[in-house]
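Here it is, the structure in full.
Chain lettering (A, B and C) follows the sequence in which the chains are written, and residue indices restart at 1 in each chain.
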Amino acid sequence: MGTCMSGICDSFGCSKTTNIRLKLPAVCFIWQIAMIILFGVFIRYNEESDAHWVETKKAKNLTDIDNDFYFRYPSFQDVHVMIFVGFGFLMTFLKRYSFGAVGFNFLIAAFGIQWALLMQGWFHSFHSGKILIGVENLINADFCVGSCLIAYGAVLGKVSPVQLLVMTLCGVTLFAVDEFIIISVIHARDAGGSMSIHTFGAYYGLTISWILYRPDLNQSKRLQGSVYHSDVFAMIGTLFLWMFWPSFNSAICNHGDGQHRAAINTYLALAAAVLTTVAISSLTKEKGKLDMVHIQNSTLAGGVAVGTAAEFMLMPYGALIVGFCCGIISTLGYVYLTPFLEKKLKIQDTCGINNLHGMPGIIGGIVGAISAAAATEQVYGAEGDTFDFTGKFAKVVPHVQGGYQAAGLCVALVFGVGGGVIVGTILKLPIWGDPADDNCFDDEVYWELPEDEESHSVVLEYNNHMRNRHQDVCETNFSVAHR
Amino acid sequence: MGTCMSGICDSFGCSKTTNIRLKLPAVCFIWQIAMIILFGVFIRYNEESDAHWVETKKAKNLTDIDNDFYFRYPSFQDVHVMIFVGFGFLMTFLKRYSFGAVGFNFLIAAFGIQWALLMQGWFHSFHSGKILIGVENLINADFCVGSCLIAYGAVLGKVSPVQLLVMTLCGVTLFAVDEFIIISVIHARDAGGSMSIHTFGAYYGLTISWILYRPDLNQSKRLQGSVYHSDVFAMIGTLFLWMFWPSFNSAICNHGDGQHRAAINTYLALAAAVLTTVAISSLTKEKGKLDMVHIQNSTLAGGVAVGTAAEFMLMPYGALIVGFCCGIISTLGYVYLTPFLEKKLKIQDTCGINNLHGMPGIIGGIVGAISAAAATEQVYGAEGDTFDFTGKFAKVVPHVQGGYQAAGLCVALVFGVGGGVIVGTILKLPIWGDPADDNCFDDEVYWELPEDEESHSVVLEYNNHMRNRHQDVCETNFSVAHR
Amino acid sequence: MGTCMSGICDSFGCSKTTNIRLKLPAVCFIWQIAMIILFGVFIRYNEESDAHWVETKKAKNLTDIDNDFYFRYPSFQDVHVMIFVGFGFLMTFLKRYSFGAVGFNFLIAAFGIQWALLMQGWFHSFHSGKILIGVENLINADFCVGSCLIAYGAVLGKVSPVQLLVMTLCGVTLFAVDEFIIISVIHARDAGGSMSIHTFGAYYGLTISWILYRPDLNQSKRLQGSVYHSDVFAMIGTLFLWMFWPSFNSAICNHGDGQHRAAINTYLALAAAVLTTVAISSLTKEKGKLDMVHIQNSTLAGGVAVGTAAEFMLMPYGALIVGFCCGIISTLGYVYLTPFLEKKLKIQDTCGINNLHGMPGIIGGIVGAISAAAATEQVYGAEGDTFDFTGKFAKVVPHVQGGYQAAGLCVALVFGVGGGVIVGTILKLPIWGDPADDNCFDDEVYWELPEDEESHSVVLEYNNHMRNRHQDVCETNFSVAHR
């Protein structure tokens, strides 16, 4: 007589320890105390956020509305939503890793922005021994952690929060140096960060994932898909990223036409990407059905790819072309490239960041280089300040600027891959409490789940049950019939 | 001896083909390429988003903050959220059509805004052979597709994405002409679009739904309700619409007091509508329980109805009265009118857009006409520019303006119903891949669902199972007992 | 032979009547009509939202961008999102009370803002017999109902909507008086409302909950936890609160540096609170797992505690220290204090508002007092207007201001506890249709649930079923075997 039902598969017998009760609090506390000390030593308000603003106003003959706060704060809040809700919810698509997606995203973003304020501040806002901060620094800090959240997408579900903190700490550091070289040394323009944020972040994450390759990851295959409502949650992330991307690409552009134009270009590139994503998604599936993974991700590729050139005179049709191409490339990437990368190159890319940020980021860098090289005085005006050809760059001509842009792209790639190798090697040490192969993509490892978590377990249990019941009853019937 | 369990009802044997693998990509590609060409020919940046802004500033003695971007961009982003998250999530209430709600909403909005930029541009921003665009054009494009998303609400779950694209293409075209007549020819004011957006959109959608009437729609009755979490998802849509409606109604008002007043009036009308919606919902149900459908929809009716008059000197109490009435009418519409329309007039209105946009839109038009007719110089000031009585309208007096407003409402109705008849007839052709009657409201038709989609199917299966098990075991027992 | 399956436990046999079919509509209608009359008598547009703005501009030599609308509207919309989506979704964590959380939050907020406009208007915007309103009044009205929504958190799931309306009506009234005393009489500064909003709201709610103590609440223990997706919904609330808190604390600060600095300080305090919340959550749980309740709530404590001092020259490291401490205290509160309060002090605090708003609010008041007392002319500048030392306060010195701040905190506590005693006593009357002890935390009492609400009931039923099936089949088998 068979047992009526097999117990729920208990996953506590795994060999790896995922206990992070000391490591995680230790890192958080030590780091936060270090931040307080460093902020105490270095960080002060800038002249627009300091109480002496009233004197600045008089000295410079300004009014309150000239405070940079009013030029950038609405964009800052939109970027903030993209970082915390956008990236966080975009990654909730896995059936049982929504806590980890949105929760660890929250943790590492809050952790990273503090370090970013310091690192970027030392490079860009350091005056007389102090870092002077205002709203633009907050936006840049959000941008900086954005690159680390992109990298998180590659390793989603396969690493411990301690590893994520290390990865973010190193990522922010690398980003700040990378960005300094691209923006200040090479003098490339990169308003929306196609190069410094997306390309760097994507290849940083992919390289780490390559080093942390798990050959037996299919042991947790049961958890790698989505369920209906987790896909709807992910659409919250997608839409807030999509809607606010014009703010992302325009947030730190020049006041006036720069911000205005960047918003328009981004709006258009994103719209075109939606159409081609849907087209390719339908083309590559039986009966033309759409795949939620594509809709959730590839629709955003237009925003990535128009990042560098958003403030340029790309022209509205130029923005549409960029979005058109990236929707296609990104969706094809999900269909063909991601499986190839996993099988042949041993790169496991949970969220497909190569398709959403990697390739579109590179395209964005190239588009930026071409647009810059093609700039003419007729289009940009004799006094236009888009390329900031003043001071030591007063004699730069467009095709030289195009070269600078291309050099910037290479720097981002080098930092991404190089940094990824180093950080990946560190993260491979067996001390970080990462999950076993059959425990990946499972919130149970690092989260207290609701005690009677039936809404999910019922799903698994129910199927087992149906199979068992079928068998049991048939056996019963059989035994009755053949008695 | 009964089979232990009937298989999941497979719905693949339906006679209609819903294969859109060629149609959908073809429409998307052709359309997007056409857009690129038309944008290349016609669309350029306006003086505020062009790199020559620095010269404009000098010529007109402006500063960067005078750029329209800073007056309208925050409102634009709010409107953008309403269009993509608001409308998209509002329609996720069905238990098994959330992908279609939020996904197709995304598709047709991204599709429509491009065409809207062209159509509206030709009518309103055409200078020397070019359409010059800035942030106000983006807002207007969002408004324009808003009317098509309203229409989508009437046919939600009953049409294919190809039909939706055709419906949007025609809808945007009709909207642009309709709006040109109302705003530029008749010279009615309609800042929040009670007439041009809501009335037009609602009757356009309802007429199409009437033409596409499905007498056997009850074959998919099992899928017409909501489940607990789909109702919570829908509340995301409701709340973002409700919260940002003040931005919607004020987005394109005159700078200064116009935008300010429109936001206040809308805020108040919406607040009042919540109270009366709750009151009527409770009154019309057993034990005074509230109905989520009413809370999700009728609370928004105040925003619709105050659209036209939002920028007028409606007075705060006037806004409250408008919201008060519309909360009542809209909720009563859900209780009594929607079933009546379906049974008697053969209009199947999935989301009840007649109650949320149709009737409140008409009320909004009437409120606008009355407010305009009642305008006095004492209230509006001798120099007030609310009604823009300059140029050829310099001699218009208020009661004439009231007549113009009423005429505008009639135009919106005529375009809605007339356009709906034509477009509905086109959509009735059997070439669009629409679902069979027993396949409506089901994401499975157009979406790859999660492979082990138990979280939903368990619901249906489980019930079947309980019935079957009951029967089987009883039969088993019976056969044993009576052997 | 056992019945195959026990019916779903019907909960209709409870002795208490929860029928609110007359009470709820009556309160809503009477109240809304009263609002219309009072608005008609008292409320008008202020000079920035009135059509005479064009004359004001000329008289004061202003331009449109000087309209307060452009300084505050983006912050207003962020605050609006916090009130409706933030508070609403934060409370959706219960497995079966999401409708009540987000729906009643919606109702009482829409109800309260109207009364708040009047109450606060009489105290602060009353000129020649009229209350003149603009965008700042809308923000203040949102703030005011915020305190009532905090109080709702303490009684979530245990009261009827009618009780909530009464609680909000009294709460708004108390808040307005409380705020008038703190801001106008005592002349304390409280931009982010640590004292007037959070401290008052928390102790108002906790006192009411104490008076409404239910000794047999464990009868509905089955519904007190969360399910997986309800926790994800709650994270929507958490994140929108967290992201927009800088707007909350800066919304009504002085133009220019005041708003700018408040946003920076809040951003930093919130980031630090995330790190320490995660640390303590991990430390206090077996295997270092994180608890969603802590992540959802304690991460926000930094924003509460920096409210009063947000516009002060708190310095970036000061903001970090405030967040650091409050993350710790708040999380420890959830672990140790909430159970203690329930067992020993008979205070049942559903959402743990004492940990999120109560203690951090008091800390915020203290931080404000210390910061104010420590102010120097060197730091704030001779002309700085942070403390508004003009008119009759021209001679106030910092340490006196520190005393004023401390006095403000005491006023908030007295109003919270005193008002809570009175209102709690009123709410204890057996006429409000509140649920029975075994019916708490259940949407079924006040909401029409989806007819085939399996996604939830399946959870309960399924478990019963598994037990029964096990038994039945075993019995069947037994009877067969032992025949």
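Basically, contacts are C-beta pairs under 8 Å (C-beta built on N, C-alpha and C of every residue); 3 or more make two chains touch, one makes a residue touch a chain.
Note that this is a predicted model, so its numbers are computed, not measured.
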| item | value |
| --- | --- |
| Turn needed to bring chain A onto chain C - CA fit, degrees, nearest 5 | 120 |
| Numbering shared by both copies at the chain C-chain B contact, with half separating same from different | different |
| Whole-Å gap between the CA centroids of chain B and chain C | 31 |
| Multi-chain contact residues (two or more partners), chain B | 65, 70, 74, 229, 236, 455, 458, 462, 469, 473, 476, 480 |
| In the complex with chain B, residue positions of chain A that touch it | 65-66, 70-71, 74-75, 78, 95, 225-229, 231-232, 235-236, 239-240, 242-244, 246-247, 255-257, 259-261, 263-264, 267-268, 270-272, 274-276, 278-280, 282-283, 285-292, 295, 299, 313, 315-317, 320-321, 324, 379-381, 383-386, 455-456, 458-460, 462-463, 466, 469-470, 473-474, 476-477, 480-481 |
| Touching residues (chain side chain B, partner chain A) in the complex | 1, 4-5, 18-25, 28-29, 31-33, 35-37, 39-40, 43-45, 48-55, 57, 63-65, 67-70, 73-74, 77, 80-81, 84-85, 88-89, 92, 96, 98-99, 102-103, 106-107, 110-111, 113-114, 133-135, 138, 161, 229, 233, 236, 445-456, 458, 461-462, 465, 469, 472-473, 476, 479-480, 483 |
